[in-house]
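Below: a set of structures, written as structure tokens.
Look at the two complexes coming up: chain A is in both, with chain B in one and chain C in the other.
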Partner chain A sequence: MEIATLTTLAGIVEYAVPVLFASIGENITEKAGITNLSVNGTIILSAMGGFVVSMNTGSLLLGFLTGALIGAAVAAIVAFSSITLKQSQVAIGFILALLCRDLGYFLGAPYTNKPGIFLSKVPIPGLSEIPILGPVFFNHSLVVYASYLLIIITFVYMYKTRPGLMLQGIGERPTAAFARGANVKALRYLYTILGGALVGLAGPMYSLAVKIGWAGQLSGLDGVGWIALAITIFGGWNPLRVAFGAYLFGGLQQLGITLQSTTDIPIQILQAAPFPLMIFTLLLVNVGRAEWVERELAAMPEKPRKVISKILRALRTSPPASLGVPFEND
Partner chain B sequence: MSIQTPAVKTSANGRKKGLLDFGIRLSAVILAFVFTSLILLLVKADPLEAYKTLVTGAFSTTSKITSVAASWVPLVIATSGLLFTFTAGLWNIGMEGQIVLGSVFAVGAFRLLDNTAMDPTLVIIIAFIAGALGGILWALLPGLMKVYGGVNEIFGGLGLNFVAKTIAIWLIFGPWKRPGVASSSGTEWIDIKYRLVNMPGTNLSLVILIIAVIVAILTAILLKGTHFGLKLKAIGKNYKAAYLLGIPTTRYFLMAFGMCGLFAGITGAILVTSKQYSLIPDAGFGYGFLGLLVAMLVNYHPIWSSIVAIFFAALTIGNTQLQYMGLSTYFAGVLQGILVLFVVLVDGLRKRLVRRM
Partner chain C sequence: MKITLQHIDKSFGKVHANDDINLTIPSGTIQGILGENGAGKSTLMKILTGYYQADSGEILLDDMKVKITSPEDAVVRGIGMLHQDPLDFPPMKVIDNFLLGTKGGLFPNRKQVENEILRLSNEFDFQINPDAFVETMTVGERQQLEILRLLWLGVKVLILDEPTTGISANQKDKLFATLVKLASQGLTVIFVSHKLEEVEQLCNRVAVFRQGKLVGEVDPPYRTDQFVYLMFGKNVEVGEKASFCTDDTYIKLKNIGLEDYRLRLKDINLEIKSGEIIGLAGMEGSGQRLFLRMLAGLMRPVSGNIYIDGVDFTGKNYHVFQNSGVAYLPASRLEEGLIPGMTLTEHFILSEKHRELFVDQRSAMDLTEERIKTFNIKGTPVSQVEQLSGGNQQRALLALLRKRLRLILMEHPTRGLDIESAIWIWSKMKERCKDCASIVFTSSDLDEILQYSDRILVFFGGLVSPPINAKSTTVDELGQLIGGKGW
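The block that comes next holds the complex of A and B.
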């Protein structure tokens, strides 16, 4: 395979990482029945926070930690407002999405375009020498390897462990989970904050590893969080499918960068390319549930009906049954 | 979400409750200012000086006051549109893109009809109608996707915001590019005869002010005083029950989106004819998102939202003066966000207390 192709593929793997962390974080939160809509603002604020802290302390670790803490703190507000106060999750999330974005730009203004530190590549000895796979998957910075672990650990935890089954329970049938002894509210707090911390990590992953530096609005992070939310839905709340969605998005972004050097299409158009696709995929995964589709299908002759409903069912995803519904344990 | 409105109640008991609600709301606002002051101290700015700069930056001269009014116009129209979707229980986050499409269609009409013998006033009216159509079209998309495709209107709207921006950018760099070199600063300006004239010595066109006042009043009447508004409210409260009671929910959902799109389109046309005079990538100027915040802050109340919109518009205008204090102009967004956040949280606390008692 040509070197250029390998670089592109490696770029896809790298570009997908922050989105992957954000959408898996959101996946965990939503699995517990809470929608944290603040993702877009959280990523911008934590990208700025992580950059500034690492620049001032010289510690990358502290930079990432700051990002996670910011994400956890924002998620804690969402959790308090929706679990304890039972306010609309959409409202609080949307307010925080706007507020954190502007707060990030406001507080980050003095640090715009300042030189900072960043994560360097650590090829994994042995693995990185495998032809094709090596340069694509194993010649990256540490956050990329962390993303592989995150996908596997989240999947195994969610579907193969007891606490993971409980996590599904509090999002699907909280009353049943409560009857079996689960502290639904405490667990929802836990998973909202944990998911928020993962979303928060996505910020420094941009500013310290993937899109190095802080350039305020020109960092181009506005919009990524909304994509991460859409990927969670596209992925049907399953970490493996979510990861696939994140790579698909990374692929489109990378394609944009590659095309930029060969065509004269403005970069903004290429950057926006994933959005029509996002809408289209949302239609694809949802349309199977629409009433008129069922009616049309029923009117069809048997053969095409079977094929079409099979396709629709394979695409269809459904959210945790109690997503967005407040829980009252008395 | 349901924040208690400070609506006027007739009985003495109701008045007491209204007063209490108002007090609670006021305490939320005070808390928000305290919190914002802490953030200002964090960036080593004097909070009092910052607030003073905001006020003088918005109200110290006639030209500034009329600038505030000129900024209030698009905000109050956008918010009015959102009140229709909110009343029906819908989150029209795609508002921003709907304003962009309004601007696109308005600029398109001007380009199409430029160099014709048509009377400029007539052309302006046609551009406003075109803008309205653009807004309606772009608002019906998430509506149709929700009703017939099962796509949550929040995500449909968000995606369409980005698509709208892409359309604007494509036009600016492609078919509508300036002669010579295309630039992100926008398309060519519309001819001077198509621009709305400001009142002498001010930054405000009387025409847009009248449009905004009409829209605000019309919205209050439609939502509070007609069957249409009542049915929307019923759907917003419980759409399954409304459906069972015989309200055609699908049609009303689409009508709410349509009304919102209509006002979004008019907002876009106003921004083109009185502010920007061309199409730029961020043609919505954030008015769609800001309108969502205003509506949430007043618990979707039409009259209160017109009043709060004055305050938000003043922040946006006064904000530009903060640069001279070395502060970023994102401050207005920070203050607005914190205000709404605290109002929602304090309202939640109040309801929790009521539940406990």
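The block that comes next holds the complex of A and C.
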């Protein structure tokens, strides 16, 4: 395979990492029944925070830690207002998304385009020498390897462990989970803050590893958080499918960069293309539930109908049934 | 396990939900708890299962004083409850449902639990597949699953809250057989219901509740009129079985075919007479809903024709049907029938045809007050509909029906209502029939179908029976058809 292709593929894997962290974090939060809409703002604020802290302390670890703390703090606000105060998750999340974004730009202004430190590549000995797979998957910085672990651990935790089952339970039917001994509110706090910390890590992953540096609005991070939210839905609240969505988005972005040098398509179109494509995918996934589709299907001849309804059913996902619904022990 | 309740008292604000309840239930019995909605049965059960704490009074389990702090604590002490809508997790697998909430290491031993599910399932002659998704199971199977789970957790007392709502006659028989078996093994079974005949059939002894008080404990042999008297404090007459069916054909269905992505109904031919009542029997999801929605104009048949008064209405939309006198009362009252957040008056404003831009509040209020009186709704013109009880919501829906109607379609018209309300609602419907309206309704209560229908259609897995004359059939015969026998 050509070097250029391998670089592109490796780029996809790398580019997907922050989105992956953010959408898996959101996945965990939503699985518990809470929607944290602040993702977009959180990422920008924590990208700035992580960059500034690491620049001033010389410690990458502190930079990432700052990102996680910012994410956890924002999530804690969402948790408090929705779980304890029972306010609208959409309203508070949306306001925080705007607030954190502008706060990031404002507080980060003095640090725009300053030189900082960043995470370097650490090829994994042995694995990185495998042809094709090596350069694509195992010649990256540590955050990329962490993302592999995150996908696997989250999936196993959610579907195979006892606390993971309870996590599904509190988002699905908190009354039933309560009857089985769950402290629903405490668990929802826990998973909202944990998910928020993962979202917060996505920021420094950009500014310290993937899109190095802080350039204010020109960092190009605005919008990524909304995509992460969409990917959570597209992935049907399943970490494996969510990871697939994140790679798909990374791939579309990377494709745009590659095409820029080889075609005459205006750069704006290439930059914007991933967004409508994500929307289209979302539609495709959820269209099977619409009543008009069922009607159209019913009118079709036997054979194509069976095939199409099978595909639609396989794609179809349903959100945690109590997503966004406050819980009272009674 | 022996349960003793001493002087249990519980109030919610001004409502005295449990007033000095004293009851002893020995082990190995099936104790019936009978009473209307709001009689205090559920409150007492919630106290017993740790959802509520009694304001005063004692609970003794095997003569030991206990304080039950949460539903989980109740299960640990051996008291498990099967809720009307089983408290399980529909999108998850049976085995995950079993494991959810269990104590133990991070990774549960799935193989072992799977075997235990199969063993228990066999023991009670259930067919539970550990790998099945709960949402693909019927309510009856979900109840079986929940009973197995509670037994697996080692409960000694099993409380069942209105368990026969929404399950088939076969499943009911199986459930009752299971309960008898469990009681013979020494379990204490508490059966909460407002259905007299079930309590009479199953229970060793019955406690009757009325308005928060335990008004009587009855041992067999039971007398229905005695129960009715205890429940209501007076005698209630079931309406005469009167038919207003005429010879005029009002609706004619010719070779109707209906389809959604799960189900296919073919070649339905039927003539509905003016004033006739047709009951649709069958397990939920066997096509009754499609049939009703087709008659309402909400669903287009894939083949065949609908004639109303001889005019071809095939393919016309809901509003055309509505204008020709068709009304549809869906089962989910708050989702499809009423508008939560709006008051009764606002509902009447919306349902009456007006041409003016501004609402005449005064006359709307007057109209609402008058209807509240005629329909005996417990509420005020400014009550929001979601604050009304289920029975009063149903009354409100009936009050909203237009004056001149030719066809009334109802899904589970009396589900969740007390006997008195149910009888009252049917008396109102009969008046409509006298006025030449036809009624088509679904119900999971076979007695209701037999009592009120002129003819009955049974639905089973995409098949529709020819009309059965209600006078010449029995619950058993219908039960067989619903269960798929005799087709």
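Quick note on the criterion: the second predicted complex is superposed on the first by the 326 of 330 C-alpha atoms of A that agree within 3 Å, B and C clash if a C-alpha of one lies under 4 Å from a C-alpha of the other, contacts with A are read in each partner's own complex, and residues count from 1 in each chain.
The rule we apply is simple: a residue touches a chain if its C-beta (ideal position, glycine included) is under 8 Å from a C-beta of that chain, and two chains touch if they have at least 3 such contacts.
This one's a predicted model, so the numbers in the text were calculated from it and none came from an experiment.
Scan A:Ser318 for contacts with chain B and chain C and give back first, second, both or neither.
second
Once the shared chain is lined up, is A:Phe178 touching chain B (first), chain C (second), both, or neither of them?
second
With the two complexes superposed on chain A, say which partner A:Trp292 touches: chain B (first), chain C (second), both, or neither.
Once the two structures are laid over each other on A, A:Trp292 reaches chain B alone.
Please indicate which partner A:Ala109 is in contact with in the superposed arrangement: first for chain B, second for chain C, both, or neither.
first
Which partner does A:Leu85 reach: the first (chain B), the second (chain C), both, or neither?
Touch partner of A:Leu85: chain B, not chain C.
Who does A:Met278 touch here: chain B (first), chain C (second), both, or neither?
First partner only, chain B.
With both structures fitted on chain A, tell me whether chain B or chain C touches more of chain A's residues.
Of chain B and chain C, more residues of chain A lie in contact with B.
Does the superposition put A:Leu96 against chain B (first), chain C (second), both, or neither?
first
Kindly list the residues of chain A that each of chain B and chain C touches, one partner per complex.
Chain A residues touching both partners: none found.
What residues on chain B touch chain A, complex-wise?
The touching residues are 1, 39, 42-43, 91, 93, 145, 148-152, 154-156, 158-160, 162-163, 165-166, 169-170, 173, 184, 281, 289, 292-293, 296, 327-328, 330-331, 333-334, 337-338, 340-341, 344-345, 347-349, 351-352.
Quick one: which bits of chain A touch chain C in the complex? Just the residue numbers, please.
Those residues of chain A that touch chain C are 160-163, 165-166, 168-169, 172-173, 175-182, 294-295, 297-299, 309, 318, 321, 329-330.
Help me check something: in the complex, which residues belonging to chain A touch chain B?
37, 77, 80-81, 84-88, 90-92, 94-96, 98-103, 105-107, 109-110, 223, 226, 229-230, 233, 266, 268-269, 272-273, 275-276, 278-279, 282-283, 286-290, 292
In the complex of these two chains, what residues of chain C are touching chain A?
Of all residues in chain C, those touching chain A are 51-52, 70-72, 87-92, 96, 99-108, 259-261, 300, 302.
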